[in-house]
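Here it is, the structure, as structure tokens.
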Amino acid sequence: MITDRERAAFEAGIKLGALYHQFVGTPIARETAAAVEAAIEQAVGLQPYVTGITVRLNRDMMVSNRFGYSELAGKMFDAAITTEVGTAVCRARMRLEDDYPMMEIVEFHETTRDTDH
Amino acid sequence: MITDRERAAFEAGIKLGALYHQFVGTPIARETAAAVEAAIEQAVGLQPYVTGITVRLNRDMMVSNRFGYSELAGKMFDAAITTEVGTAVCRARMRLEDDYPMMEIVEFHETTRDTDH
Amino acid sequence: MITDRERAAFEAGIKLGALYHQFVGTPIARETAAAVEAAIEQAVGLQPYVTGITVRLNRDMMVSNRFGYSELAGKMFDAAITTEVGTAVCRARMRLEDDYPMMEIVEFHETTRDTDH
Amino acid sequence: MITDRERAAFEAGIKLGALYHQFVGTPIARETAAAVEAAIEQAVGLQPYVTGITVRLNRDMMVSNRFGYSELAGKMFDAAITTEVGTAVCRARMRLEDDYPMMEIVEFHETTRDTDH
């Protein structure tokens, strides 16, 4: 048997892995970071089981190359995602930890939704 | 000898190839297409020698899968880019042509810039 | 508390989401599919908690465009991954299901490893 | 009028931009670099107007993170491409130059092909 929590964790993992590998390498600078954050959030928000997604990109790491821009790197991500499967809610995140863009489950809880009775 | 026009064409090619392969696969829907267009335009606009970029994604092709979203495909792109190297300006585009996302040089012209006299 | 099974499921999800969005869009044809499969398997095999990965790309879907090649699409994937966290083993997969590249947990089991006694 | 040389330069640019943004972010290590090089070369070799492609990834830059692998970065690329349009041959490359993955046209020449007379 596979639990709702396990499925919700699986779905959260999918989305974090996906957004990382879809967008890493994008040309970026401080003045365009907000547009990239918005695009990522809207893209992930479409995917199944996602009920919340926020993406912040670390502007301090956007050091200009000789042509005046930078490139989206995994280390710039600070992302928080919430997925929901059945009555299980999974909160997970990606953020820099000891120089590695760590993805982790933060916690689970049950939906407080009043189910149809 | 390599001409400015040749360099401008090369730079235009780089950007079209880059944007295609960076963003294809992004989850997308009609209501999020504008955010993705903006992110692509801002990203490409940072790259060297680019003086103009517009990206339109074909909403009609954004047919929902069973989870209610679509995925950015090469065929959805209608992009126009202008690059400038020295006095040469290159206009190029990518758009669907016989079911293939064709990239082409449209034309060259010289900058009309009033040079320092 | 977060269980090993939940963590293993999360890790499996990360890898499937990652490989999908890293490689979709790659130019491909029947005669190059094996090289792309090998590269994907070797890349995923490096990632944390992965103990098994096989990727098969559906050659029948590699229909040539006017230039004689195709492009790696999500629907071509048949991937099986095994992740291991603590004593929990998670097997998951991605494969076409009703025209959608479905990612799913297949099953969990416990490691049969002879633990330190 | 657009010359064959200009078109060949444009095509070379497309392929360098494409391969960079398709593969940056791929998990990599010294022992898997050859498989990734092969996959990239075979992928690019399928694309229109390409008559030669070699990709070398700098193993010295593949420094292990805490999980024992690295990630393909633009700075690791040393790529040489040859495109051919009409009678024009364009050789271009991408390689690290002052800490930037520089893409450049190297030279043009005419095909020595014995044309059908």
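By written order: A, B, C and D. Residues from 1 in each chain.
We adopt the following convention: contacts are C-beta pairs under 8 Å (C-beta built on N, C-alpha and C of every residue); 3 or more make two chains touch, one makes a residue touch a chain.
To keep track of the chains, here are their UniProt names: A, B, C, D = Dihydroneopterin aldolase.
What you are looking at is a predicted structure, and each value in this text was computed from that prediction instead of being measured.
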item	value
Common touching chains of chain D (Dihydroneopterin aldolase) and chain C (Dihydroneopterin aldolase)	A, B
CA centroid of chain A (Dihydroneopterin aldolase) to CA centroid of chain B (Dihydroneopterin aldolase), Å	27
Computed distance of Cα centres, chain D (Dihydroneopterin aldolase) from chain A (Dihydroneopterin aldolase), in Å	31
Geometric centre distance via CA averages, chain D (Dihydroneopterin aldolase)-chain B (Dihydroneopterin aldolase), whole Å	20
Sites on chain D (Dihydroneopterin aldolase) at which at least two other chains make contact	18, 20-22, 25, 67
Chain contact graph, described as a line, ring, star, complete graph or other shape	complete
Contact set on chain D (Dihydroneopterin aldolase) toward chain A (Dihydroneopterin aldolase) in their complex	20-21, 24-25, 65-67, 71, 74, 98-100
In the complex with chain B (Dihydroneopterin aldolase), residue positions of chain A (Dihydroneopterin aldolase) that touch it	22-23, 25-29, 32, 35-36, 38-40, 42-48, 67-69
List of chain D (Dihydroneopterin aldolase) residues in touch with chain B (Dihydroneopterin aldolase) within their complex	2, 5-7, 9-22, 92, 103, 105, 107-108
